[in-house]
Amino acid sequence: MRVILSARPRKNPFIPVEAEGIVPARFLQPAEGITVAVGNRDRPLTDVFEVAIEGTATDAAGVEVVLRGDTSRVKRVGEYMEAGKIRVERDIGMHCGNFMSGGEIEILGNADGWLGREMRGGRILCHGNASHYCGSGYRGEKHGMRGGYLEVKGDAGDFTAEYLAGGEVIIHGNCGDMPGVEMKAGTLTIMGSCSRPCGNMTGGTCTILGTVAGMLPTFRRAGTAMRESGGISLTRFEGDVANRGKGTIFIRDWQYTL
Amino acid sequence: MRIILNTGRTIPQGNFVEYKPSPEYGAETSRAFLAPLDLMDLGIEAGDRVRVSCGSRSVVLTAAASDDVPPGTLFVPYGAHANHVVPAATHGTGMPDFKGIGVDVEPTDEPVKSVWELMEDLGGKRYDH
Amino acid sequence: MIIRDVICPFCACLCDDLDVHVEEGKVTAVDNACDLGSHKFLTDHRMKGPVRRTASGWQEITLEEAIAETVELLSNAERPLLYGWSSTCGEAQSAGVHLAERVGGVIDATTSVCHGPSILAIQEVGHPGCTLGQVKNRANVVVYWGCNPMHAHPRHLSRYTTYADGFFVRNAFKERKVIVADVRGTDSTNVADEFIRLQPGGDYAVLGALRAIVRGKGDVVPEEVAGVSREQLFRIADLCKSARYGAFFFGMGLTQTAGKYKNVRNAIELVDELSRHTKWTLTPMRGHFNVYGFNEVCTWMTGYPFAVDFARGMAFYNPGETTAVDILARKECDMCLVVASDPAAHFPAEAVEHLGSIPVVQLDPFPNLTTAFSRIQIPVAVSGIDAEGTAYRMDGVPLRLRKVLDRGYPEDAMILKEITRRIADGGGP
Amino acid sequence: MTRLLIKNAYVIDPLNGIRGEVMDIAVKDGWIVESVHDGAEVIDARGCLTLPGGIDSHTHICGTKVNFGRYMMPEDMRAGRTQRRGVMHSTSGYSVPTTYGNSYRYSTMGYTSVLEGAMAPLEARHTHEEFAATPLQDTMANTLFDGNWPVMEAVRDRDVKRAAAIVAWTLAAVKGFAIKLTNPGGSECWGWGKNVKCIHETVPYFEVSPAEIIETLIRANEMLRLPHSVHLHCNNLGVPGNYQCTIGSMDLAPDLNPDRQSLYLTHVQFHAYGGTSWKDICSRAEPVAHAVNRKPQVTIDMGQMMFGKTTTMTADGPMEFNLYRLHHNKWSNHDVELETTSGIIPVYYSKTSVVNCVMWAIGLELALLVASPWQCLLATDNPNGGPFIKYPEIIALLMSRRYREEELRTLAPEALSRITLPSLDRELDWHDIAVMTRAGQARALGIQSIGKGHLAPGAEADIAIYPIRVDETDPSRQFRDVIRAFQKTSWTIKRGRPVARDGEILVEGTNKTVWVKPKVPDQYDMGKDPEFARNFDRYYTVRMSNYPVQELYLQRSLCMESEAQL
């Protein structure tokens, strides 16, 4: 079953829409029942999106939801998603894929902050850039992303994979400041450059193929290693010794100045 | 000249914080404290004016010499003048970069704007009753 | 007439030993206050009465008209932002939170551009704190990191630290070591026994290095970290570990530079680490006299200290998303109520510009830069001068602000309650 | 005001010797009366269990420490969020809910009065502000004197009367209700990062021992004729082997008051540990319970621990720091000048942890081994042992051996050899529960005189009607029905007004705060004592004139005056 949601033009396109109801499983029942919040007003989904449904499905795995038009301010799409597919043709708003545990989300444009926040499983693929806190956790919570696979073809913002506790995050472009900060487990791979990675990390593995600026002084050099793919030689660091750090970073090139 | 901007509280700024339309407040918040060395490099003296730019935004300030400010940095008291160039990005923290922003500084003959003029540039309307 | 033991409504030191001289309904002199406090008592540039901005200019209106129009604007807003709150009393803050809940708005305080990052850090690792009397009576090592108390909290050193004799510290000036960390020299670094001059943005690395040294992992630390020599770092670490009681104060040098709350977190974890060796406490140098009060009130009412979004009828909190600067810069809010603060002066221009394109109502005693963007401003009494109320000191000690004179202005709490009552009667959104 | 008639109520009212009778209760203007004339609102209780409003004699719901628990834990807040609805404000929080969350949940469970377990005098104004935002309960505040400098100086000088005078001035100034001692002496030591282990160690500089502080303040308390006794959180909380320290503290209690205990020991579960370390910790509830049975001058509360997520927050700063070193989770601490301290950390009590299983058993053992329910009251030291919403489960555990056995089967097997719970057959009855959740609290706090904890004419009309028929229920087998019944009243009546029905809150409500003012002879008025005033202004960072809490902070104020005998 294909569910095509085309965003209707809005009088004030800047007001955020909270749409945690947009998950594949939900469309096994009639879409009329779904409400979204536009600012402080609850509205039927059909007020905000034109809904077209092709075919049928018996379970969530058989449902693909396609978002069209301006969805850059639509938040919480795919929250708690367990199965099925969501395909976003342009940009998507914050908290896309919160607590996602299965299924797949593909974003052709850019993703706003907190993409895949506290993700447990499933796959997210973002073809554009992801903003801050990509694959991170929630305020005060000790664990961020715990499982699943999150790939960003473009750049990612600051605090990427903060509190990473499991699963895999791959950023093809550059990251901003402090990726992998407080990281506990899981793997983070940054193909491009970034600054001050993995502060206070206690576990997990981070690989950075670009250049690191502001390398933290509290990581201990522990030899070199070859990266299988591409045969690039990387330097291995262990830390963060400011904490009881048992984490590992592989870096191609770094400087201590910011 | 590429330089790092820091903003911060000062006594005069605090004294007139409840009376911002006053000339004293505008005078304090439009002061750009630079290391004497940097003033020399810019070929200006204390009291001359500088244009401080960050991205598409810029503001004109009055240069002042300070031995406390390390070369390569610029200190401006909190207020509307500095905020005219501070970017709004908060990196997902809610807090803009009020300190440690890379800016360009160049000499200029343009006058320093009053706080009301700055507000009008942003779509405000002066209240001078 | 002289009123004794008046509490100063300027900064979060809340000095409560002011003697205020009042003659013919005017403050004529203030004893014991610092320059900043005296100016607040003595300046007299109040707005006379409510005004409305029109195409032709500023028009005087009645309080009733002002309230009625505000009720209208708030009821129709789909994404109202209620911002400010730090220069008024807890009673107004509480009324503000109830109003935000009623209209399904976002309520945020100046906290988000002050010590918001400190709160984010505390929410990750906690806060080993104390009231300021503990420092006065016990501390023999004091750290000021990224702050300039001589200018921002002028009596902090004389009431609580460097110059304040205490029960176990009979001669403070002799017995206390003061360490100041900053990127530039200031009047505060001038009184320091140790001045840690760091490169801009170097706080996180330097604090991390100190943590490593205190943990006995100092071997990893290079010759220099962000402009600070290895040798000084070890000296500072020893000084801190050998303290009988150490007190760590910090300011916006940590919260406003890159890394934001992570800088603060590193400071807190350094203090945690030191607590395994000797007694250490940490205190953020809160700015506005009652900014901490807003955090307290908002927390017991909503569960969160600031940046609370009521759009869904329940409290949602996520600084970076529900904070004022972000909401303005993203052009999200379609109405803004400003109470007891001046965002137009203290927010980046890009955020201020959006204020120019939406209706703004301001409750503030003084004409300020936000007045330039206000459709309506209602001048109110000044908490702690012509209105009583509750305020929380930077260390959480609550005090009762005094009313030293009556200027006939309404109290903001009263106006906010009236607005909420009318919206509730009208059903609200 | 309102007139109300509750018909066909199955009443248990221990303070009036009513062990279960079907009767009507008449209410007029907020008080219980002999009868009301026609036109009164009628509630048909349909023979359901009807009790005096519940009273929690030791909980942490308001004040600096509690609010910091909220402040530092957005992850706990998002767990319990509800929307604004009718007269209800939105709520947040699971283990440390917002004030409205606490108030609504307590009210739904039939609780109408609560005692905040720890208030630092310097920060009392904060506690009272939160009381005002806790609309559906009457509130009282334990006031901390464990590290009070002037008091410790008086103790050192063996001057009981001066100690009493300082307590009298402070309680009246901060609108406090009772004397609380948390780890007495230990809080001052914590000012230097140190602690005392038990009652006979010495506090540096002040040269007093915890035992001396406790004994002196017990005598001072009775000199002041305060309604409640000294409320003690023993030294050495949560440390294996601490039970001897607890029994030693009990032995300090003299017999000074015919109407109630002379010493109240709180959350005793945390103080009844045997063993020498976390590895060999075991239950010592038996000797502790026997000590209580030997000593009618002592009343305790369980401090029951329940499995799951919660937050520990106590004025026991050093203990919280040790917990932090154990869990490496976030840690907050707050020392209060000249007075006390406090600490907070989040915890998770797990059935896979032998230590936690032993803790769980100890609380229940205490309640089952203490002969008189009047001497062992039901509480979790909310939220330390678990949030108060777990009370119904505790009631069911005490009433049903079968339920206990079901739970025991799910524990870490290693724990079973370290506890006596499996061998205990006792099942408490409805009357015992009524004592342990309201009547006993009212007597222990000394508030039956103001109409709390009973249902005779003259009592305040705080009433809880639970949807359960005692005659048709066998709690031993139907323990799940018991849990359900105590979770949600059919009606909760506060001050004569229905405030909650089937879990729905009906009114905004206004809080009433009960505080004490002992009248002392002029020469004992610390407000006029030059030495006290001089040291106050020299060592505190607030002026003495700015310290007292104005009565306007109390929405409704009930002052219990007493004639001090100094």
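Read from first to last, the chains carry the letters A, B, C and D; within each, the first residue is number 1.
In the analysis below, a contact is a pair of C-beta atoms (placed from the backbone, for glycine too) under 8 Å apart; a residue touches a chain by one contact, two chains touch by 3 or more.
Quick caveat: nothing in here was measured; it's all calculated off a predicted structure.
Undergrad: Could you name the chain whose Cα mean is nearest to the mean of all protein Cα atoms here?
TA: That would be C.
Undergrad: Return the chain pair with more inter-chain C-beta contacts, choosing between A-D and A-C.
TA: Taking the two pairs in turn, the one with more contacts turns out to be A-C.
Undergrad: What is the chain whose Cα centroid lies farthest from the Cα centroid of chain B?
TA: Following the centroid criterion, the farthest chain would be D.
Undergrad: Starting from the mean Cα coordinates of chain A and chain D, work out the distance between those two points in Å.
TA: 46
Undergrad: Any idea how many Å lie between the Cα centroids of chain A and chain C?
TA: 33
Undergrad: If you average the Cα atoms of chain B and of chain C to get two centres, how far apart are those centres in Å?
TA: Taking the mean C-alpha position of each chain, the two centres sit 22 Å apart.
Undergrad: Taking each chain's centre as the mean of its CA atoms, how far is chain B from chain D in angstrom?
TA: 56
Undergrad: So which bits of chain A are touching at least two other chains?
TA: Residues 113-114, 132-133, 138-140, 177.
Undergrad: Taking each residue of chain B in turn, which ones touch at least two of the other chains?
TA: Within chain B, the residues that touch at least two other chains are 91-92.
Undergrad: Considering chain C alone, which of its residues make contact with at least two other chains?
TA: Within chain C, the residues that touch at least two other chains are 120, 123-124, 201, 258, 310, 312, 317, 319-321.
Undergrad: If each protein chain is taken as a node and each touching pair as an edge, is the resulting graph a line, ring, star, complete or other?
TA: Other.
Undergrad: Per the contact definition, I'd like the list of chain A residues that touch chain D in the complex.
TA: 138-142
Undergrad: Using the touch definition from the top, list the residues of chain A that touch chain C in their complex.
TA: 12, 14-16, 18, 37-41, 94, 113-114, 132-133, 138-140, 177-178, 181-182, 196, 199-200, 214, 216-220, 239-243, 256, 258
Undergrad: Quick check on the complex: what are the chain A residues that touch chain B?
TA: Residues 113-114, 131-133, 157-159, 176-177.
Undergrad: Going by the contact rule set out above, which residues of chain C touch chain B in the complex?
TA: Chain C reaches chain B through residues 10, 35-36, 39-40, 43, 45, 47-48, 51, 53, 58, 112-113, 116-117, 120, 148, 151-152, 154, 183-186, 189, 197, 200-201, 252-253, 255-258, 260-261, 287, 307, 319-321, 323-326, 328-329, 342, 344-353, 355-357, 365-369, 371-373.
Undergrad: State the interface residues of chain C toward chain D in the complex, per the touch definition above.
TA: Against chain D, chain C makes touches at 4-5, 7, 16-17, 90, 94, 98, 101-102, 119, 122-134, 136-138, 159-160, 166-168, 244-245, 272, 275-276, 278-281, 295-297, 299-305, 310, 312-315, 317, 390, 392, 396-400.
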